[in-house]
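Pasting in a structure now, in structure tokens, and then I'll have a few things to ask.
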Amino acid sequence: MAVFEHRFRVRFQHTDPAGIVFFANILVYCHEAYEEFLRASGMPLEEFIGKREHSLPLGHAEATFKRPFRAGQLVTIKLSVGRIGERSFRLEYDLFGEEGEHLATAATVHVSVDRATGRSIGLDQKVRAILEKYAPPPA
Amino acid sequence: MAVFEHRFRVRFQHTDPAGIVFFANILVYCHEAYEEFLRASGMPLEEFIGKREHSLPLGHAEATFKRPFRAGQLVTIKLSVGRIGERSFRLEYDLFGEEGEHLATAATVHVSVDRATGRSIGLDQKVRAILEKYAPPPA
Amino acid sequence: MAVFEHRFRVRFQHTDPAGIVFFANILVYCHEAYEEFLRASGMPLEEFIGKREHSLPLGHAEATFKRPFRAGQLVTIKLSVGRIGERSFRLEYDLFGEEGEHLATAATVHVSVDRATGRSIGLDQKVRAILEKYAPPPA
Amino acid sequence: MAVFEHRFRVRFQHTDPAGIVFFANILVYCHEAYEEFLRASGMPLEEFIGKREHSLPLGHAEATFKRPFRAGQLVTIKLSVGRIGERSFRLEYDLFGEEGEHLATAATVHVSVDRATGRSIGLDQKVRAILEKYAPPPA
């Protein structure tokens, strides 16, 4: 089961007066990993948006925070594909610090929507092919 | 069961090239409702942070998005207390548009942590008293 | 000379580990005042964007910070029109704390651009009429 | 005259409904270049904040935008030291796209402040030494 890795540094302005990263920024980091995953797979999000007939809005997001993230820290996100459905898919994220400590887990569910009607439709075949390279083996 | 309401307008810069609010900003809006809830209860977060011996970092956050949020839209958040535990509490949020349409649900779990040791401890009594005013009736 | 006022509260997540608002957020607050100014004048930005043949990207922005902005503080922005040119206009902002203390000044220059060609063009007449109500008297 | 370079990719969530980067984010990118400049010089901002007796809040910021920044674009910032004063310094930034096109210029002025009194004081000697490596030759 393939895993996509994205590494980044926690920015000064992402931390709050308590000295730790504001929780919503951790979901922003996960979205950056998703952007880099699509880019590395040959389908950058900025080309996808507004050009294809399917859009992929988020239907759900969740995160569990195990340890605080601090300014200046290098973090590695391991992205994997949790589920590929008929009209949606789920990505899972594990975030680790420099010494391998587990900082957080997160997941996002992306829904395939027909741009014209706003209704859910079957996943774009190119998107499905990219996801299948990272998919868990069938149960 | 008491509910706290917070109303705000979706800002231009919170929306992305697809014309809808970037998902992580919806959790930011929920945190703003939490800030206003504490302020209205006489315990503004900015006085709490760095002054009390307990801090309240988030342990978990989740959101389900039902309809897109658009720039300029007025949104009402209804915040309620989902659970009060020994060392943590859960807040729940329902977000509605101007015609009462249900836009999203979300929840955050806040953990009471001893500032000196970094370990979880029993909830501050003043925080507990505020939460109990909004708590669900005992099962 | 008319002045448009916008009042807001500094959010917890806008402040950094030094306990004060990250400087770029102060320009975000000014843009929110500009959004409210357009809305109050009957031309909300979200209706303007993507619908008119003119767009109004920023050509310049500047700010001078006199006192720190802290979480929870109520701030009033006074927006005035500094200059109306043939193809651009300049807005000026003064930011004040609750006791009238002067926190910052800022200015933004907005350029009228033809959406199709990307070149600057004369200001939209409706925009010009709105600005003139707030304009300084002719020299 | 030494120049420090920082390269980054424009993120999806930094762009607005008009499809271009929200102007205040361009100043955020400049601050990231400043953070990397300090880190590369052996004095990361996160170690500086809250630990030294001097703090370095911004006193002024300005930017002129020449071309739109788009999602997915790779941008290079060239940071140079514009002026080293007794109690403040000025950094200058030029931002370039992948084909060398000039996207924007910006500048920030940082003031040395005594943490205890809140008054301006002479620059920390270690900060001054770092800046002088990048300083313009004396006039």
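Going in written order, the chains are labelled A, B, C and D, and every chain counts its residues from 1.
In this text, contacts are C-beta pairs under 8 Å (C-beta built on N, C-alpha and C of every residue); 3 or more make two chains touch, one makes a residue touch a chain.
All of these numbers come straight from a predicted model, not from anything done at the bench.
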Between B-D and B-C, flag the pair that has more C-beta pairs in contact.
B-C
Taking each chain's centre as the mean of its C-alpha atoms, give the chain farthest from chain D.
B
Distance between the centres, which are taken as Cα means, of chain D and chain B, whole angstrom:
34
Intercentroid distance (Cα basis), chain B paired with chain A, Å
23
Take the average of all CA coordinates in chain B, do the same for chain C, and state the distance between these two points in whole angstrom.
29
Any chance you could list the residues of chain A touching two or more other chains?
12-13, 16-17, 19, 22, 24, 28, 31, 46, 49-50, 71
Write out the stretch or stretches of chain A touching chain C in their complex.
12-13, 15-17, 19, 22, 24, 71
Report the residues of chain C in contact with chain D in the complex, numbered from low to high.
16-18, 20, 22-25, 27-28, 31, 46, 49-50, 55, 57-65, 68, 108
Residue numbers on chain C that touch chain B, as the complex places them
11-13, 19, 28, 31-32, 35, 39, 44-47, 49-50, 70-72
